[in-house]
Amino acid sequence: MLAYITRRVLYSIPVLVLSTFLSFVFVSYAGDPLAQLRITPHISQQTIQNLTHQYHLDQPVPVRYWYWVQDVFEHKLGKSLVTLQPIWPDITRTLGHTLQVVLTAELLALVLGVIVGIYSAVRQYSFFDYFFTSFSFLGYAMPVFWLALLLQIAFTDIYLRWHVRIFYTSGLNSTAGGSAWSLDRLQHIALPVVTLCVISFALYSRFMRASMLDVLNTDYVRTARAKGLPEWRVIMGHVFRNALIPITTVAALNIGAVFGGAIITETIFTLDGIGFYFFNRLSALDVYAVMAYLLVTSVMIVLFNLIADILYGFLDPRIRYD
Amino acid sequence: MPEPLLSIRDLVVEFGTDDGVVHAVEGVSYDVFPGEILGIVGESGSGKSVSTLALLGLIPLPPGRIPAGTAMFKGRDLLRLSNRELREFRGNEVAMIFQDPMTSLNPVLTIGFQLGEAIKTHFPNERHEVIKARVVELLRIVGVPNPDVRFDQYPHEFSGGMRQRAMIAMSIANSPSLLIADEPTTALDVTIQAQVLEVMKRVQAETRAATILITHDLGIVAEMCDRVLVMYAGRIVESGDVRTVFGKPRHPYTIGLMDSLPRLTEDEDWLRPIPGQPPSLINRPSGCAFHPRCFLSQGRGKCREEVPVLREIDGDGHGSACHFAEELRERPSRFAETVGGAA
Amino acid sequence: MTEVGQPHEASPVPPLTGATVGAAALGTAGGSAIDSTVEAGLELKVRSQWSYARSRFLRHRLAMASLIALIVIFGCGIFANYIAPYSYSTIDLTNILHPPTTIAHHYFGTDEIGRDYFSRVIYGIRTSLEVGVFVAFLSSIMGLIIGAVAGYYRGWLDNLLMRFTDLVLTLPALAILLVASALLGQGSQWRVSIILAFFFWTQLARIVRGIFLSLREKEYVEAAKAAGSGDLRIMFRHILPNTLGPVIVNGTLAVATAILTEAALSFLGFGIRPPTPSLGVLVAGGEANPQQWWLTIFPGLTIVLIVLCINFVGDGLRDALDPTQRRVRA
């Protein structure tokens, strides 16, 4: 088991390198870090030349990548060319907030999705099943931004009409610098969490249901019944564990989409998260900040995939000797 | 005649599908006596597996239906029992061995756990060490080497033959009085087949359990079974002692089956299959289901119109469901000399 | 015909396909549904694979209803010029932010500079349709080619392509798309579509690769090779037709995903930009005017409806074209 984990960790490293390299190459070709400065009137050609040399922009891309990686480790992601501020503090602050929202939403979606999936499969064609199937289809079809917007409008409306604040529709706290673990924070992140949760929940509940049905039809479940096991034991002891296995893969693959969804929800609810940061920096064509975001997000995704892989190893003994 | 251990009468099993109702089992009756090995032979779709799955309530009830039939086992009708009552029999008095050991064992649980579960379900108060010792002993009985090590292994670490042995061990864990083996060797290599059959023979001799052995392989029937039922399209077409049925087959289908076996002792240019296709279980031919392919029928009206009843022919518990079974008396049987019976 | 009473001397008959042959070979019942046989007392209906698929799809009431709905909706988009009462840019400053009404055909109301919302939504549908179909088409072709090459040639090429596919999957999709759109898209509908297509081919590539991997081992491929067929011919003639099912299903569902993604990009301002109409841009307009509910509801509802219907149709197609049916367990 340990060997398996080590192997997966070692495998992640080149993936991370290649992933970030791809992003870097892409952004380098598509964007010009000095674009803003070039159009600023009072900056001279000479300054631009100097900056070009200083930031190695006259070197080939792989070399620039190497400089950039060094920069990441030594100077902590360097400085933005637009704001001239260090990038790292912004990233750490915003990442924490985003993770709070994203992890809450994902955990909720997983737990609820698994439970609903199990019950839907066991009570196939019941009202419960039909209801949640419809709900899932709706969830798939719902654009994240629209759902977020609807929730925002609805709860703003409630406040305007009845002067009752159930959930807040913007910001992380009522006062700047509020605590991360207060009821106030909860009220602020509730709507973004719900938005992200709904989409993931639709996915997980459908997959869990399908997975359960697959497993319920296998020969080994028939064997379990033939041994005289009570039905609940068959479900929890045999079906559930096997049905959970594909869900880890689905959840891992979904994490990229969730970070994407975070960009949208944070922008709509003006949360101080890394997604909103990215949105702002992109609007300002702040290339280095954008790259920093891509790097950090890639790291997150690879990390989550790694966790999912390890979990998979726990659940399925066949994979450990891969 | 001793009392039958299991008595099935007029069992009917159907499945509702999008294309129509599948009549899998159409009025099947037979007995199983204590200590005997009864073979059920037939093609895929003959209903041989379904009839036994119905006994243990292992048929999913939508889309399956059991509109008629009784199955008396030790004084109780298994088909009328609730799931909870049936559970006491499953894995306990009546145990099943399935066809494909790779898919019939849970891949994420150890062999030891799965076998132990079979015991613990019916004897929940047994201590863990007692159960473990019993499982190891069972594995030893079926010939799995290093059973204490193997106890903690997973099914994918076992070879095909060993897995099937483990399944056999699991089935005899609670000393059942009736064992149902559904094509236990079909998924195995021929050489492993022989080994597993050996194990089954040994196990049967020791436990004296009545065994229903379902197979499509006549060779296995000849080697293992005391009596045999031949099924076609959901009905029993011939039944009796193995020696009798092999020596003097009295149904055209049985004869066709035996004729289709390749002969090692003679020169042959072609194999002799039974012409035609097995019937659709949704639109069965009228009358005798075999008549479109039957060499004996020759288009006679009775075969097309009347369903033949399984009746005794030539005495001694030999039954045939053919209108014209008597006409087969003059035929020399292929296996007559081997079996030692007269034609 | 043998006579009754005669020693049974069955005339030697060559083994018939599907008939009972040999020792323990009382195996599979009946041939494939593609055979057509009419025998005495036994009639097997002649049905091709496509007719089975069609009848299965027709049974799917939800898919049928969705298909009809889609035809209506997309019809509106295609014939926008005839159906929309106004052009999407006709400004009427005397009528700004008017709620839905039947007056002057402003069924969906008007926006903040008096443009008819109904017309704007309809033209938005057209854009979505164009983007969705284009992206699905392009990404399907890419996925097919990559999957086919990887699955057929295997070896290092397969490895390389698959590692690359895996890598693309670990990238933060929406972020990269946003960056690409922002820097390269320039608000053009077609540029955005091409950019989207670059992300959508991965799933189909996987599936197609799987099919090619399994089918290249089949005997008829060996036979074709022995007869001298080149690789390309084998790939096209023999294996490719088997991928048609998954390609159709995947392509259909890709249209929905493409429409959703484009809407998100445009909503954030990095996708399609005015004057080209886009449903995402319309919803963004709704965000700026939260009190005018119709600005948010109508375009959003349209997106949901389109995507929902496509998903139902895709589901129905999958049921119809997927040979591994699991309706009945005997």
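By letter and in written order, the chains are A, B and C; residue numbering begins at 1 in each of them.
Here, contacts are C-beta pairs under 8 Å (C-beta built on N, C-alpha and C of every residue); 3 or more make two chains touch, one makes a residue touch a chain.
Here the structure is a predicted model, which is why all the values come from computation and not from measurement.
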Label of the chain whose CA centroid is most distant from the centroid of chain B: A
Chain closest to the middle [Cα centroid of all protein chains]: C
More contacts between chains, A-B or A-C: A-C
Chain centre separation (chain B, chain C; CA means) in Å: 46
For chain A paired with chain C, centre-to-centre distance based on mean C-alpha positions, whole Å: 26
Chain A and chain B, separation of their C-alpha mean positions in angstrom: 54
Interface hub residues of chain C, defined as touching at least two other chains: 329
Chain C-facing residues of chain A, complex: 15, 18-19, 22-23, 26-27, 30-31, 137-138, 140-146, 149-150, 152-153, 156, 217, 253, 256-257, 259-261, 263-264, 267-268, 278-279, 282-283, 285, 290, 293-294, 297-298, 301-302, 305
Chain B residues touching chain A - in the complex, by the definition given at the top: 56, 58, 83-84, 87-92, 95-96, 98, 100, 103-109, 117-118, 121-122, 154, 156, 167, 170
Residues on chain C engaged by chain A in the complex (per definition of touch): 166-167, 169-176, 178-180, 182-184, 256, 260, 263-264, 267-270, 280, 283, 286-287, 290, 293, 296, 300, 303-305, 307-308, 311-312, 326, 329
Residues on chain A engaged by chain B in the complex (per definition of touch): 218-220, 222-231, 233, 237-238, 241-242, 245, 315-318
